[in-house]
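Down below is the structure, laid out as structure tokens.
In order of appearance the chains are A, B, C and D, and numbering begins at 1 in each one.
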Amino acid sequence: MGAAIPNRITVGIFGGSGYSGRELSRWLSRHPRARVEFSTGSAAPHIPHEDGLSRRVDVYFLCLPHVTSAAYVEKLRKAQPRSLIVDLSGDLRLRTEASYKRWYEHDHGAPALLAQAVFGLTEVFRADIPGAKLISNPGCYATSAMLPLLPLIKDGLVDSEDIIVDAKSGASGAGRSLREDLLFCEVEGNFSIYSQGRRHRHIGEIEETIERCTGVRPVLTFSPHLLPVERGILSAIYVRTPRSVDELRSALARYYEGAPFVRLVDSAPKLKDVNHTNLCLMSVHEGAPGRAIVVSALDNLVKGASGQAIQNMNVALGFDETEGLL
Amino acid sequence: MGAAIPNRITVGIFGGSGYSGRELSRWLSRHPRARVEFSTGSAAPHIPHEDGLSRRVDVYFLCLPHVTSAAYVEKLRKAQPRSLIVDLSGDLRLRTEASYKRWYEHDHGAPALLAQAVFGLTEVFRADIPGAKLISNPGCYATSAMLPLLPLIKDGLVDSEDIIVDAKSGASGAGRSLREDLLFCEVEGNFSIYSQGRRHRHIGEIEETIERCTGVRPVLTFSPHLLPVERGILSAIYVRTPRSVDELRSALARYYEGAPFVRLVDSAPKLKDVNHTNLCLMSVHEGAPGRAIVVSALDNLVKGASGQAIQNMNVALGFDETEGLL
Amino acid sequence: MGAAIPNRITVGIFGGSGYSGRELSRWLSRHPRARVEFSTGSAAPHIPHEDGLSRRVDVYFLCLPHVTSAAYVEKLRKAQPRSLIVDLSGDLRLRTEASYKRWYEHDHGAPALLAQAVFGLTEVFRADIPGAKLISNPGCYATSAMLPLLPLIKDGLVDSEDIIVDAKSGASGAGRSLREDLLFCEVEGNFSIYSQGRRHRHIGEIEETIERCTGVRPVLTFSPHLLPVERGILSAIYVRTPRSVDELRSALARYYEGAPFVRLVDSAPKLKDVNHTNLCLMSVHEGAPGRAIVVSALDNLVKGASGQAIQNMNVALGFDETEGLL
Amino acid sequence: MGAAIPNRITVGIFGGSGYSGRELSRWLSRHPRARVEFSTGSAAPHIPHEDGLSRRVDVYFLCLPHVTSAAYVEKLRKAQPRSLIVDLSGDLRLRTEASYKRWYEHDHGAPALLAQAVFGLTEVFRADIPGAKLISNPGCYATSAMLPLLPLIKDGLVDSEDIIVDAKSGASGAGRSLREDLLFCEVEGNFSIYSQGRRHRHIGEIEETIERCTGVRPVLTFSPHLLPVERGILSAIYVRTPRSVDELRSALARYYEGAPFVRLVDSAPKLKDVNHTNLCLMSVHEGAPGRAIVVSALDNLVKGASGQAIQNMNVALGFDETEGLL
């Protein structure tokens, strides 16, 4: 690819059988400029990941578990240096080896990549994405928290040291793993909190990214929950603020003016407002004195994974940002 | 009924066709000492509420909408002065007319009753219940918040002015009303926050009751959510505290020592741990520095309504507290 | 519109707030040649149905209850005689007043229309649709039964007098009506059979249509069921046949050769294979000797309603049949 | 245990962590005469199955996979010859090695047991159960089909060679196995047919049992389906009959007169009418001429497994049949 915007591109997917891989295939099949050439890890025909390395396409999407993903990014960078790689795993979201080790609890297999990847929170890093060759796609919970928090912290409107994110996600967020706690009879009619406090990996991603963008490192109390639905994340974010709800709203509206997929709404969004779309909707509400509640909703498989990956590809290649995503 | 503990009692239900009325019937049908004599508002045979007034039984349970409920409590107190009345509506949970008007947005129809009702949060008001003739059964969300918060505030362990209750309830909490937002196709696969901030009626009940018990009036930010499940409430309660998680745990364990239905557990409880039981399980977890997370879970139709109503009846009549509830 | 195929068309929806109306809006918003000009009955801005009559568009879709729908078809035929009308109600699916009265239990309000409407089971009546001005869109259950049965009866492969259709539908098939049996707490975790035997209206539509196409009037035992899912119909059709399963398969494969949305598959289709698509998948399996089982699956809101309506529009206007439906 | 009816008994469960094992524990914990002494295979404290062999109790319930179950029955018969064994697996439901091999596709490990076990379809084999030492608990689908079919075939009211059973079961029927098709994201919002025709093992159990009781061997077309609910089986059974629906109803009512858990009802039963109870409800409806539809509903974990196991224990030991089951 040169300076000119390509008309049509070819795409390869690593790990096409998981929930985000399947979602990605579905959206790409409707993308007017992309054609999926291969998908590894799927059923029929089965293509081993290793085979994907030699199949040249314009864009590679990696929907692989972390650790495995970094290894394939490294191989692909060598084998196909002119192609764009979008990594949907957690391997390249943090900026330092130390931080990766803190949150993923083992050494990073390819630490040199950490500095090379552009962080694909599209609305925030839009300027860095055009022409990028390696994009790290953000986490689903992280997207749901960073999009509303970033503008508020940047403008100094909220106490960055007392932020509570109470987030609820559909079961597809846990991937297609054979775990007893993901069986239908365990999840249906049930609801649970897990990894509450300071334990979930996305905390590192959220705090580090916000610090990088704003110079202020926030401190989160973060509670993920497992909803008995297939998809969708709704986060209630409790912030301490001397400002009025209207001021917070204005800051968000201003920051996302012109962004096609992030919108401030009046009534709190529901999962059904965002599921099967690439939207992130947010609203702000009054809490007790000195407290505001920011609600954000997105589809973890779309804006939280595959949709944002395509959005990043669109921006990287010079396509319209919404191509194939409406 | 005299001073002796009765062996067998008769029971009448007003409003037996709603979700808490039906749940109450089911539990009472297994109670070894109670026999349901009539249930008004049900299908077959249909008995109008008015007819229930002249049917003498030992205990009346009122599963009626507020306003209607207070009117029947007043009539029953006159018609059947020797019987026990357990009111499951919101009409008698607050202590003053002003407070009722603030939260229910109209005048109370029988304000004299407010001072006469014992508040049936059994574990907390156990001393007041034996021999009572009028018991106001607490709200479901309120029970889920008051049980964990009360001991912590009483012992001065948490900042009472910065409490966030992020509560999630199954759809039966909204009752059996013909509302479009309660249709299957609206709730299934969906999740939403509503009445967030300082708008839900149970805030009044929680703050007032805790103040009455502890002398300290807490200030809540309260966010109820609608879960796509039939039953169950899970609340994540964020408190600011200089104390360790272990100190909070000890306070709760101490307060509920010997209570058969309230238990402190190590791992955060899930809805399936409490649904179809009269249990309220709670756990405490570390948040960001100076923050702790208290999780509580109960079945809104059982400990949050009908089960606690029976528990109150048991205590009021001198039965074993767990009779018919295991 | 003349003989030439139009490049872009305008569309109006009557009854845009129900489940099929909303689904139709969503699909049309992605249709590359259609632009929705108005939608009546929706929230904001609210446009009364009556106002739609004077707004000239190329195609009107009527997602209205029966009786109401026929009245608006009649008015639109006068007010906008050059436009195409696609009626999604049951009003124009039967061919005679007597038959309508038998199944809908009252007189038809505009009986002259019955003979004028083309029956929009696209794959079967494709030859009649180009240029049509009035199309009656088939019922969801009816589509799910007619598509597999029609070729088998036409070829004389099955005993037309002993056909059992055991059909299961998601709750959106009942529409967005405020009925107690459609509340979340009634449908969730539940499953039920209703109108079993010879009572459901779609029996008339199925038997009459098959007779019209094949000369043979079948006799059905039909059992609709309510599934605790939002969307999708899966029908198990039990036929008596002297033929092998392979012969039945061949007949179906032959009949639907080239049809883009109807496919014979080897393993029985599941709802998730068809939901959110315009596909009808079918499979044939061996039963007890002399018995075969035909399984069909479709999304009641897409191939069973809005998708087939757009498919009919595409064929009527000379567009590619799949335009906007992939 | 001698001839006298014991007042209180001790019980052991093999395989207490699966869905029927857990359900059994729950019901037994409420049984006024039974006390669970141990449960193998559960989490804490973990007791290996082998240890259960030496723990003497009055009644052993085996909730183990087939093959494993027969092996433990054999060992228990030797180790604890005076105790009652209730086997919930499929190992002892068929009467001959050949039949077992036909349906389970391997040799039986302990064929001598086949003739020793009483078949625990309580209502039908009630006379054989008192004093039995080995009871084979029927399958869930099989119970749902045999209870309505047996009286009709016994009285010669239906064509035994043309019976279609279209059965739908909740996901707990498949047990707590780590299978991808049982993950929440696969089952939720989905519905599917499987093992349709003549492939499901319960066909052997149904046909053989009915033949043993009536002398007539029926031939079934049987279609199991997977419902997106935790529990419950609803079967629509299509029979060919020259008799009126009323005659069929009378035969069923007569056969189950006095049976506390099997009831004929007028409107077709729903899953919510039977779930969490030991009931099997049935109804009869008119189909096309010469056809009737029999609907039956039961909770697969209760009347289809653990509840019927307790019912069998009650009858075997001389307790009231309903003890602990209301």
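Observations, loosely collected:
Here, contacts are C-beta pairs under 8 Å (C-beta built on N, C-alpha and C of every residue); 3 or more make two chains touch, one makes a residue touch a chain.
Quick caveat: nothing in here was measured; it's all calculated off a predicted structure.
Where chain B touches chain C, the two copies mostly use the same residue numbers: shared numbers make up over half of all numbers in play.
Note on interfaces B-D and A-B: more C-beta pairs are in contact across A-B. Farthest from chain B, judged by the mean position of CA atoms in each chain, is C.
Chain geometry summary: the mean Cα position of chain A and that of chain B are 40 Å apart. Remark: chain B and chain C have CA centroids separated by 48 Å (rounded to whole angstrom). The residues of chain C that reach two or more other chains are 186, 189, 228-230, listed in rising order. If the chains shown are joined wherever they touch, the resulting network links each chain directly to all the rest.
Those residues of chain C lying in contact with chain D across their complex are 161-162, 164, 166, 168, 186, 189-194, 196-198, 219-221, 223, 225, 227-230, 232, 234, 236, 238, 268, 270-272, 275, 285-289, 291, 293, 295. On the chain A side of its complex with chain D, the touching residues are 19, 171-172, 176, 178-180, 182-189, 228-230. In the complex of the two chains, the chain A residues touching chain C come out as 29-30, 189, 276, 326.
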